[in-house]
């Protein structure tokens, strides 16, 4: 085998690691430093816009987990009124198929990702919790027109990684 | 590009070497009897011009009446492929001959089929459950399992 | 060496009185060891992290310096688990046996001119004898844990001990030939030029042997975490685990202190106090060790044995002959002109010898 | 005098630092030497096949993300959608094809980085190469996150295209990565490729002869390291792989070192493909119109691609309904394990983990 065996490779490797000492660490110090997530981030919950929702249950059909529960009743002007819109985000795997399938732009993925709870039943989100609010902003997943107003994602390729 | 061999031509090629064994041919599926499976597989592996040396995939489908054991064969040498199928009747103890001695790659795949569909491969040296634990009741990939 | 006003020799019973001397030094050694262990753990974690382009532990205290403390507290509050069917007494005794040799080594290390707990005439012999005791602790731990990984580690430890001792001792003899004394203080006192310059090969062999003894990567075969989980301390938890951890780093400190005493001039150095010099050199040696740890893959056990027996042992012998010949020719101290010759000879020997031998076996035929 | 020794049995795994998940090996040891090995599977069995029978074709896509090789989700997606498209005879727009190839090749780089890093980690290089490779992978994960919204379970490919077009800042970032990457691969080479310890640990260790590799259905880098020049991207080009120029790196000895080198070389080739794909990327639609509840005609199909770990095949049987009648996954790492015993027997315990690392299994795919 024509390879050197006296330690030249070891020396080269050690020089290589030494070179890395002088490089900037790439780790983000998480709770203090936040990176900008992707504009299309699929957060761990859904954002629902009741005004636009017609109660067609396309999202419930699209969900692979069967995780969205919608109960509707017929309203006065012959349109559906959504009585119940319940998502168990503990069982949601954030695949985004419901958002993609929604024909009326009434359902979005959320940008939130810190949703730990002490009890599983608190992860079940009813009509009020799923509703869009100041704390629940929609992401641009499958809704590309939302992208323009969002901050650019921080990319390690461009060296923008230290967060704020 | 891998050429999918026409099963009819392969069947004709095999016909000269097989005595008393018939194999039907769909468009590119070669159907063989359960009994003659091993000898056909052996021919497919060794016959010059065919030389299917690579077992891509081995699985089975539960068709209620019978189990369909599917072998996807291909040849790295000639870059062609063939689908070999056999029917295996009976739900209590369906059995097909093992091709372990021809293709080592059949080892775990046959064990998996045995585990999940309950098709026994006679001649397999170590036919045990592989993904489920020993003593598991039933074969979950059968259509009538739950 | 330039003149250093700290270098006044201390009396053998400093600070006066036999018992005072023992007490002060015993407390000092234990305190220093514990402090240095903390510093080493911190340095290693931060240092290795820097090699791996991450910041390392930086939350606990300023720059994370309290991290070892926090770890220690955490580990002390853990439940002490002794496996069923373990050999209780040995299991309890093993961490102690593994730890105390590290302290014993430091008993003869001079921290100042003439200031050691005891300045034994046979100091270096004592170090060699004592330092191998910790292997006993490893073997006890491995045997008593009733765990197969630990058993493998214990058996590896025995094989390893037998292998690394010889080249290490032979390379020390090179130093002894140069000084003519076994006392560590004498050895330091005679190093007008650090012996690494006259013994580059000896230094390398001793360093490798030391890394093997302290089972630092790439020779950490007894606790190879990717192979045998944690080796001999797989079944240890809580205080006992902490004691093993302590033992490892205390050993690293002891070993680094010995190597800086033997080859790097010990407490000698300009301007700064001798103790500071010794500690600086110790940290330097340790830095080389964790640098190697951060870079190198682990060797296999048979390659390791082959490397020690076929590679290092003959080289150490050659080195010894070389040194003896030099001392024969220049009995009154070696001329400085030998330094480059030594280095060239060492490099030449390494290159030639490594081409001649084959490390380790290959596949074993299994029926 | 021959010293008679008693072999003893060591259960390596399912909880072991370097069995890459919950793989378990029953090793029969004679001292340190492995006399026998029996792999035990099933600790991560999630029954992908059975679950798929109750899901529509669209809903299986997120399943392929996580029930299979979770380090190469894009490749799993690609393999599945290609099989369904073959079954239902769907034409995919040009741009979608290119995007798929870009994603698959990025995935290959990312997956090989992990493979090589963990193999070196098994060898005992205390996380350093792994951290360097994680850094490069992180750049790719950023890009994946940009296009699909998540970092591991992308769920990006759709039957008939991809779910969304790439954002406009994607291509400049990818170009930058493609420019930088060869430099980093050089750095890895300098770090360890000539390292004496690595050579001693990997040269000649765990040899898998070419005939055994073919016979035991090994695929991917394991097969190529044995010297068989077989790559489905070249041998049976799917998608648009026939438009790109790239080499198929092969090894000669089939040992651990060759597998390591083949992976490193494949990363370089993937970078080459990426360069070409970026240059050729056409405009247009990213997704064909496909009914949401797809009902493929009755039939069956075996679709396969060259995933990072080897030939990933989906065997689909359709009965004309909205859910597949039968779905079977041919997992490359599952079948690469077939010859594990032959590679390992006769070597030491320390080599077992290295050989296993060089095969590069992902338990999600082995147990499915």
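Per-chain residue numbering starts at 1, and chain names A, B, C and D are given in the order in which the chains are listed.
The working rule: contacts are C-beta pairs under 8 Å (C-beta built on N, C-alpha and C of every residue); 3 or more make two chains touch, one makes a residue touch a chain.
Only a predicted model underlies this, so the values are computations on that prediction, with no experimental measurement involved.
Taking A-D and B-D together, the chain pair joined by more C-beta contacts is A-D.
Ranked by how close its mean Cα position lies to the mean of all protein Cα atoms, the top chain is D. Annotation: 26 Å between the Cα-based centres of subunit B and subunit D. Averaged Cα coordinates give subunit B a centre that lies 61 Å from the centre of subunit C. Averaged Cα coordinates give subunit A a centre that lies 44 Å from the centre of subunit B. Annotation for subunit A: residues touching 2 or more other chains are 5-7, 10, 13, 16-17, 20, 26. Residue positions 51-54, 294-296 of subunit C each touch two or more of the other chains. Among all residues of subunit D, those that touch two or more other chains are 128, 132, 135, 191-192, 195, 197-198. Of all possible chain pairings, those that touch are A-C, A-D, B-D, C-D.
Within the complex, the subunit D residues that touch subunit A are 55, 58-63, 65-66, 128, 132, 135, 138-139, 142-143, 145-150, 153, 155, 163-165, 167, 169, 173-174, 176-177, 180, 187, 190-199, 203, 292. Residue ranges on subunit B touching subunit D, taken from their complex, read 1-2, 53-57, 59, 61-62, 70, 72, 76, 79, 83, 103-109, 116, 129-133, 140-141.
On subunit C, the positions that touch subunit A within their shared complex are 49-55, 58, 291-292, 294-296, 350-351, 354-355. Residues of subunit A touching subunit D in their complex: 1, 3-10, 12-13, 16-17, 20, 26, 37-42, 62-64, 93-97, 100-101, 109, 139, 141-142, 144, 147, 152-158. Of all residues in subunit D, only 8, 10, 16-18, 30-35, 120-128, 131-132, 135, 191-192, 195, 197-198, 200-201, 204, 345-353 touch subunit C in the complex they form.
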